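Could you have a look at this structure, given as structure tokens, before my questions?
The first chain written gets the first letter, and so on, giving A, B, C and D; residue counts start at 1 in each chain.
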Amino acid sequence: MAVRVQPEPFDLAGEVEMLRAGRTDLGAVVTFTGTVRDNSGGQRLVAMTLEHYPGMTEAELARVEAEAAARWPLAASLIVHRMGRLVPGDDIVLVVTASAHRAAAFEAADFLMDYLKTSAPFWKQEELADGTVNWVEAKASDEDAAGRWLGKPE
Amino acid sequence: MAVRVQPEPFDLAGEVEMLRAGRTDLGAVVTFTGTVRDNSGGQRLVAMTLEHYPGMTEAELARVEAEAAARWPLAASLIVHRMGRLVPGDDIVLVVTASAHRAAAFEAADFLMDYLKTSAPFWKQEELADGTVNWVEAKASDEDAAGRWLGKPE
Amino acid sequence: MTVTLRYFAWVREKVGRAEELLTVPPAVTTVEELMNWLKTQGPEYERAFERAAVIRAAIDQTHVKPGAAIAGAREIAFFPPVTGG
Amino acid sequence: MTVTLRYFAWVREKVGRAEELLTVPPAVTTVEELMNWLKTQGPEYERAFERAAVIRAAIDQTHVKPGAAIAGAREIAFFPPVTGG
């Protein structure tokens, strides 16, 4: 179980290898990589800058990860979130979950992404091709997605 | 969209890189890696041999992948399944899905794994520590999991 | 009709071969009838198809149900429920 | 009480600073009251907290609701709904 916030790119294969190293009890490893898209509401996106709340971010990510570990039989998990200025095609976030069972790995990764989106203190600012710079508005659909897990018996 | 059956190990990072190469329209990439566990019903597992039906396997995997592409707005997907003798810790199967949207990538990867488990003509034979060699029985839970997707409106 | 039969996993082990070309009598028209007819063709088939209810079939590399017609088939495969992934 | 206030994203831009140490009058006891009081402290706060209903808060790096008591807080943060991931 680990969380990290960093401006540097992350290495998917390296992270997964470290998490799996020497283990033969894992049956399923799920990774989610969120990346910067070149399009924002029909406008061409030039760059995206991620601001965060140092200290609180790590605490929230760790809390969300602990919650997932309590709900599912996870053998290991990892959250890496980037900050700073990113361009289309760059990675933003990596979530890795490993379990003996496939359903647990899938559901926990999905859960981590939903909660990360609604509770981790990150804010995205977009630079569009027409020169506009604006803060991304939170999506109601993210709140709805996170709501799926409320009171779910596990 | 691609499917492959091979005895060789696959390279998670290389596969994901190839699938993402030059693309800036992807927002979400999900990978599922299924691996050989060291345990089978409480017994220590020494090795697992995967037999398959050449030709039909590729056709089934391609059919399952096309079905996923019809249900979700997938930008790209990949299925790689290994065959032959594998030991604990070895990879068995890789599913990668990429989409502009996170829910599509997650759901499609989950769907691909469920259908792959119930329709791709692979059979696992286990060698246990006590010398027993037996064919793995299909799990009712896999049929149930695949049943989740029946008639799902998308 | 003459058709290639293929066997996988424990069906293959029990039949004792992976593949064979067989001539099936005209009265045998479905997958289920083919399994029942095979059972009469020797002790190895009898053993292999003893638990016929759990055996799955494919015609020309497509999954089919026991009631499927075998007319026109080039290749018919019998195997246990799949366990890949 | 004296407390560190931190602002993020457009709240930070509108207030014009990321962090400050402020002395809050004793009558101000909740996060909501603190936002209302801040609005009276100058045009930059008035602008920043104009849409107070959409602003989220954290006390000592934990999300809180508008009704949360601020007594004992070392650090209170105000920010728009989060958009990470």
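Throughout what follows, contacts are C-beta pairs under 8 Å (C-beta built on N, C-alpha and C of every residue); 3 or more make two chains touch, one makes a residue touch a chain.
Just so you know, these numbers come straight off a predicted model, no measurement behind them.
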Steps in the shortest chain-to-chain touch route ending at chain C and beginning at chain A: 2
Averaged-CA centre spacing for the pair chain B and chain A, given as whole angstrom: 23
Centroid distance [mean C-alpha coordinates] between chain D and chain A, Å: 26
Separation of mean Cα positions, chain D and chain C [Å, integer]: 73
Intercentroid distance (Cα basis), chain D paired with chain B, Å: 49
Junction residues of chain A, two or more chains touched: 34, 102, 113
Chains grouped in pairs wherever the two touch, ordered by label: A-B, A-D, B-C
Contact footprint of chain B on chain C as seen in their complex: 6, 8-10, 58, 61-63, 77, 79-85
Complex contact set, residues of chain B against chain A: 11-13, 16, 20, 23-39, 88-89, 100, 102-103, 105-106, 109-110, 113, 145
List of chain A residues in touch with chain D within their complex: 34, 50-53, 55-56, 59-60, 81, 92-93, 113, 116-125, 135-139, 142
